Amino acid sequence: MNIFIQNVRSTTAVVLMIFTASCAKPVDEGAGQTGGESIAVFTKNQTNPFFETVRLGAKNAAKQMNATVIQYIPTVQDSITEQLSEIEDAIIKRPGAVVFIPVNSRAMIPGIEKLNAANIPVVNITDRVLGGSVISFMGCDETNMALNTGRFLLQRLNGRGNVIILEGVGGSENSSNRVTGYRKALAEFPNVKLLASQPANFQRVQALQVTENLLQSYPQIDGILAANDSMALGAIEALDAARRNAFVVGLNGTKEAIDAIKAGKLLASGDCDGFRHGCLGTMAAVRHLRNLPVPKEFIFSVMVIDNTNYAGLDVPYEERMCPSWESVVKDK
Amino acid sequence: MKVDLAPLIEMRGISKAFPGVRALDDVSLAVSAGEVHMLVGQNGAGKSTLIKVLCGAHHPDRGEFLIDGKAVRIHSVADARRLGIAVIFQEFSLVPFLNVAQNIFLGRELRDRRQMHSEAARLLEVLGVQIDTHTLANNLGVAQQQMIEIAKALSQDARILVMDEPTAALSEPEIVRLFERIRKLKQDGIAIIYISHRLREVFEIGDRITVLRDGRTVASLNPAETSVNELVHLMVGREVDITYGRHFCERPGKTLLETRSLTAANGIRDANIQVRAGEIVGLTGLVGAGRTELVRAIFGADPTTHGEVLIDGTLLTGGPAHSVASGIGLVPENRKTEGLAVIRSVHDNLLVAGLTRTFPNHSYRFRKAFGIVADLIARLRIATPSPQRLARFLSGGNQQKVVIGKWMNAGSRFFIFDEPTRGIDVGSKAEIFSLLDSIVAQGAAVLMISSELPEIVSVCDRAYVMRDKAIAGELQRSQLTEENILRLAMHHG
Amino acid sequence: MARSLRRIPGIAWLLASLVIFFSVFGTRFASAPNLINIGNQSSILLLLALPMTLIVMTEGLDLSMGAVLGLSGVVLAMLLVNGNALPVAFAAALGVGTLFGIANGVLVVALGMPPFVATLGMLGVAQGIALVLTDGQSVAGIGSALPGIYASRWLGIPFAILIAAAAYAAFHFLLYHTRIGTYVFAIGGNREALILAGVPADRYHVLIYAIGGLMAGAGAFLLTGRMSVGHPTAAIGMEFDAMVAVIVGGTKLARGDGWLPGSVLGVMTVGVLKNGLNVMAVPSSLQIASIGLLVIVALLIDSFRGKS
Amino acid sequence: MSSLTYRLLGVLLLGAVLALSTDAFLTVGNLLNVLRQASLIFLLASGLTLVILSAGLDLSIGANLGLSACMAAAAIKSTGSISIGIAAGLACGMTIGIANGLLITTLRLPPFIATYGMLWMVYGINYWAMAGNTIYGFPESFREIGSGYLLGIPIPVLLMAACLIVGSVFTRYTTWGHEIYAIGANPEVARLSGIPVRSRLIMVYTLSGVMSGLAGIVYLARLNSAEAGIGEPLLLPAIAAVLIGGTSLFGGVGSLSGALVGAVILTLVLNGMNLLTISGNWQPLITGVILLLAAGIDTAARNWNESRA
C-alpha cells in the first residue's frame, strides 16, 4: 500500500481543481431534477479511520447515483467552532443536501438550525444531533454495540475474571455511550471484576501507556474493553511488550482491527460499519432530493466481528461497493 | 553672579545600604539657588545612588531632605517631582515608539494633545534643536535623544535640576550650547547638581565641587581653590597620572590594517586608513560623524558595498567570524549589549571569542579553560570574587577588562576600541590606557575611537578625523591638538 | 501615523490578493452573506487578538486565553442552567476571566516569571478546572436568551460583528488616546523610563494582562451564544491563532513596537483564507497546509520590505 | 543549590507520595515502565532543549514526529527494508529541521512564527499523504526498537540514556555546545565574537528535527502503526518537560538532564494517576501547577541571588 505515491497524484489533481475552479461548477439547486445533485458531507476529523470509511461510502454512493459530494472536515480535529463555520460556509455554496456527523451533539444544534433556515435538507448520520430538524437520522445504537461486544468478551471469560475499560475522550457522547454499554454487559456477569476504567482519549499511544501502567498495578488482567479500535490495538502492544495475555475487544471494525482479528491478537470488534453510514446517508439525501421515500429514523444493525465472520469485511474500502438501498433498508 | 543665601536644597546624613553594600554612608550635600554643584567620584562612589535617592527612586535608610530650609519627605518619584526636582539620567529614558512630545511629557500627559506638541516644540526651540515633535524617539540619533532628555527635565519647570553625565553623548558644539543653557538656568535661580567624569567641565561650569568616594563625602571644594590633580587624588584616594603619558611609538612596524576606499551599507563613504603594528591610532569626530559605523564596517559587522579591508595583507570577507579568525578584536561602545553576555560568567565571556582557537579539535577541556581564565584574570587584574561570577555584577571598568581579555585570548593583533573609557571612572581609565600601551608594545595595533579630545591627544600616535561618514583628514603626532581636530571635524562655512 | 503607512503593506497586500483571488475563483465568495460569515467567524478571534496585541507589545504573550475563554464559557453556561439571570452569569464569566488575567499578570510582573511559562501553566489550570467542573461534557440548557442575543442583528449586521467593531474602537482609543495606551508603549519600550517618570509601571503591566482575561470572558459570551452550550475545550488553541494574527499584523515581540490595525488585518486574513478555501471546497488537508504557508509568507513580505 | 537539585528533590517527593499511596509504584517493573514512557517525551524534549538554549523555539516537533513516523512506515512497507525505513524517518525529520533553520536564519523569521507555520504545513502534507489511513503491522525485528529489552532494560530507555550522554557531552564538552549557550545568552555578542551564528542555529534546528525523526521511529516501533495525527498531543508535554526541567526560554541557561527530569515528572503524574485511578480530567490542572511551581522556584531562587549580589 504505497499511499504516498498514490496521493501525490490525487493531490496534483486537487491542486488543478483549485485553479480550474474558476469555471465555476453549475449551481445545483438540488430538488426535483435527477442527477448532478451536490451533497455536502460533514465528518469530525481526518485522523480517525472510521470517518474516512464514512467519506468513502458517501463518495461511492454518490458515484452510483451520479451525484457529487463535497467533504467538510475541521482542520483542528473535532473543533466545534470550525464545524459551525464550515456549515455557514457550506450554506453559501448551497449544496442540494447535507449529510451530517456532529462533532458535538448539543453544540451543533445552532448549525442544524442554520441549515433548516436555509432550507437545506439534512441527513444526520452516526451521532444524533439533539435539536433542529433533520429529514432522517441513520446511525447505530452505540450503547447496544458496546453491550454486545462486551458480552462477547465476557462470555469468552466464562463469566469470571478481571477486566479494565479504556474510555475515550472524557465526556464525549461516543465515549460515555460506549462505556455505558460495556458497564451494562458487566452488570450481566457478577463474577467479573472491573479493576479500573481509565480514559485514553481514543488515542493509541495513551491507551498503550495507560495499559502499561495498569498492568503494573494489577498482576492479573483477563480482559480489556476498549471504546475504540485504536485504543484496543494500543493495549495489545502493551500486553505484547509485557509478555502478558488478555482478551481485548474494540469498537468500529476498522481495517486494522480486522487484520488484528485475523492474526488472532484482537478478540473482536463491535461494528456498525462507517462505510454503510456514508453510503446510506448519502443515498437518503439524494433520494429525498428525488422525492423518494426516506425513513425518519434508521438504526444500523450491530455486528460483532470476530475470527469467524470477518471474511466478508476483509476487503480494502477502495474496492467495496455500497449495498443497494433496498437490501439494507427493507430489513428494519 | 554668586549667590550665598540659605541653600535651596540640602541633603543631610543620607545613608543607603543594599544587601552586601553600603552605597551611601552619611552623605550631606547643599546646593543654593543659581549654583552649579559638581558631583564627582569614581564609578561605584555612590553618585548615581545619591541621585536615585534624591529623585525618590530609592528610599534612604537614614537622613533627611530640606528645601528652603524646611524638612520635606521624598517617598516616591512623584513626591520629588512635586518638590520641583528633575533629573537628566545618564542611560536614556526614552520610549522608542512614542513620539518626542509623548516622551517629554511621559507620566505628565496633558489633556490637549495639540498643546502638548506646541509646549514640546517651544522647549526644543530654547535648546536650539530642530526636531519635529511627532518623530518617534526610535528615529532619533544619540545626540538628539540626549537633547530630548534635557528638554524633558526642563519641561518640569524644576527648581532643582540634576544632570548625570549630560555631555556623555554630545559633541563639542552641542556641549557648548548646553553650557549656554545651563548658565541661563543659573540666572533663573535654578539649583543644578551636575555629575561628570570630564574634569575639564568640572572647572568650566562648576561653582562648587563635592567629591564622593566609597559612599562618603570626602571633600567639598571651590573650583578656584583646587586643581585637577588634587581632585583626582581625592577621587581615587591615590595619585594617578591623568596625562596617561606613554612613550609614543617611534618606528611603527608593518601595516596591520588597511582599508581601500571602503564604502558600506551603513553610510561610510570611500574610507582609506592604515594602522601599523605598535601604533595607537585615534579615530575621532563629532557624534554622528560615522566613527562607529566605520569600525563596524571594518569588522564586517555591517556589510560593505564597495572597497576592501586588508588585515596583515590578507583580504577580509565573510563578516565578523572571518575578521576574528584573522586577528581583529572589537571592543564596542555598548559593552552590555555588544561586548559581553551579562547573564554569563566571567569565565565564559573571556573564552567565547577564542573557542575554536583554544580548542582546535572542538573538544572543550575544562582544565585548559580554567588555566587560561585564571591567567587572564591575573594579567588584567580583573576584580571578581570568582571566575564563575556573572558578568553583570562587575563594575564598568572590570567588564571592560573582560572584553579586552576576551580578545587577548582570541589572539587578536589588531584591536578596535570604541569609546573605551565611556562611563568608566578616572582610576580605571588609567588602567585601561596602560593596557592599550602594553598591547601595542607586544606588536599589536590599536584603533581607538574617543569623543574626549584630551584622550586622543595624549594617547594616540596619529589620528583620523571623520566628518559626514567620511575621513576628513589625518593628523600626525606633531599636529595632534584639540584645535586641529575640531577644525577638521567641524563644518566650514 | 507615518510608520503605520510604512507598515500597512505586508499583511494588507496579502489580504487584498486573497480577497481578489477568492472573489474570482470562489463561487459566491464576494456575496454579502458570505462576507458577513467571515465577520461572524472572525469576531471571537478578534476579541482575543486585541488584548494580545497589547500583551505582545509588553514583550509578553498569553497562552492561557483559549483555556480561560473555555472556563468562562462553562461558568457562564452553568450559572444560566441554574437559572441565574444573564447579566449575573455574564458578570461572573467576565469575573473569572479577569481573575485569571490578574493571576497571569502577577506571575509575570510581580514574580518575574517568563510569560510563556506562566501563561502555559495557567492554561493547564484553567483547562483542568473546566474539565473537572464539567467532566468534559458540554453544558446544555442555557435557555434561549443568550443564543437569541447572539442571533440578533442591528441594521442587518450580526451582533458578534457589532461587538467586535465596538471592541476595536475601544482598544484603538485605549492604545492611541489614553495614558494607559502610552504606558503600554512605554512598558515594552523602556520600563525604567516609565518608573522614573513616577508611573506605577507594575500596576499598568498587570492591568494589561487583566484586560486580556476580561476579553477572554467577553469572548466566552459570544462563543457560548454561538454554540448555545458551554464547552470546556471549545476554544483550546485560539490563543495561538490570536498570537499569529497579532504577529503577522506587524506587531513586534520587542521594544513596544505595536500596531493595532495590523492585528485586525491579521484576524481577517486568517478568516478570509479559511472561509475562501471552504467556499472553494478545498480539501481540509490542503487548508491546513495553506494556513502554515500564509503565516510564513506574511512575515516574509515584511522581512523583505524591512531589508529594502 | 542548583535549580536541578530542586527538581530532583521534586521527583523524589513525587515518588515518595506515590510509593506510600500504592505498593504497585515502587517496583522495578513500574520504574522501568515510567522511564520507557518518559523516553518518547525526552527524545522530543532533548532536541527542543538545544533550540531553547539558543533562545529559539520549535513548535513543529510534534508534527515532525508524525510525518517522520509515517514516512518511515511507508518506506518500510514499500521497500520491506527496516534500515531504509529508519533512514527515511531520520531524513524526513532532518529536512524539516533544516527548513526551520533556513526560515529563521536566512529569511530572519521569528522562531515562534516560522516553526508554527511549519507545524501547519507538515500536518497538511501528512494528512493528504495519509488520507485518513493507518499504516500498521511491522516486522518483529523493527518493533524491538520500541518494545524490546536489552539486559532487562527496555531499548527505548537505553536510547534515551544514549541521547542524554551524547547530548550532554555535546553541550558541555564541545566548543559547539558552548557556542550554542553563547548565542542563546546574547546573539549579537556571539556574532561580534566571531561565532558563526547562522550555521550554528541551522545546526540546532537540524538536530531538533533529527531528534523528532528518531522519536517518530521509536513511536512507530512501539505502537506498530502510524497515523497522520499522532504528533499533535506530544507538543505541549515536550515543551512543558523542557521548561519544568529549568531551561530558560530567554536562552543560554539550561541542560539536557533538566529535560530528562521534566519528562520523568510529567510521566510520573500520568503513571500515578493511573495507579491511583484518578480521573484524567485532573491531568492538565496538575501539570499546570507543577510547571508553575518549577518556574516559581527558579525565579524565587534567582531573585534571592540577585539581592545577595
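Residue numbering begins at 1 within each chain, and the chains themselves are lettered A, B, C and D in the order written.
Basically, contacts are C-beta pairs under 8 Å (C-beta built on N, C-alpha and C of every residue); 3 or more make two chains touch, one makes a residue touch a chain.
Note that this is a predicted model, so its numbers are computed, not measured.
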If a chain touches chain B and chain D alike, it appears here: C
Furthest chain, CA centroid comparison against chain B: A
Chain centre separation in whole Å, for chain D relative to chain C (CA means): 29
Averaged-CA centre spacing for the pair chain C and chain A, given as whole angstrom: 34
Inter-centroid spacing, chain B versus chain A (mean Cα positions, whole Å): 72
Multi-chain contact residues (two or more partners), chain D: 127-128, 131, 250, 279, 281
Chain A residues counted as touching two or more neighbouring chains: 11, 14, 46, 170
Shared-contact residues (touching 2 or more other chains) in chain B: none
Set of all touching chain pairs, with the criterion as stated earlier: A-C, A-D, B-C, B-D, C-D
Chain C-facing residues of chain A, complex: 11, 14-15, 18-19, 21-22, 24-25, 27, 46, 70-76, 79-82, 84-86, 88-94, 104, 106-107, 109-110, 130, 169-172
Contact set on chain C toward chain B in their complex: 3, 179, 182, 185-186, 188-190, 192-199, 255-258
List of chain A residues in touch with chain D within their complex: 1-4, 7, 10-11, 14, 45-49, 51-52, 55, 77, 170, 196-199, 201, 203-206, 208-210, 212-214, 216-218, 230, 233-234, 237, 240-241, 254-256, 259
Touching residues on chain C, where the partner in the complex is chain A: 24-29, 31, 33-34, 37, 40-41, 44, 131, 134-138, 140, 147, 223, 226-229, 231-232, 234-235, 237, 274-275, 278-288, 291
Footprint of chain C on chain B - complex, ascending: 55-57, 76-78, 80-81, 87, 89, 91-98, 102, 106-109, 136, 138
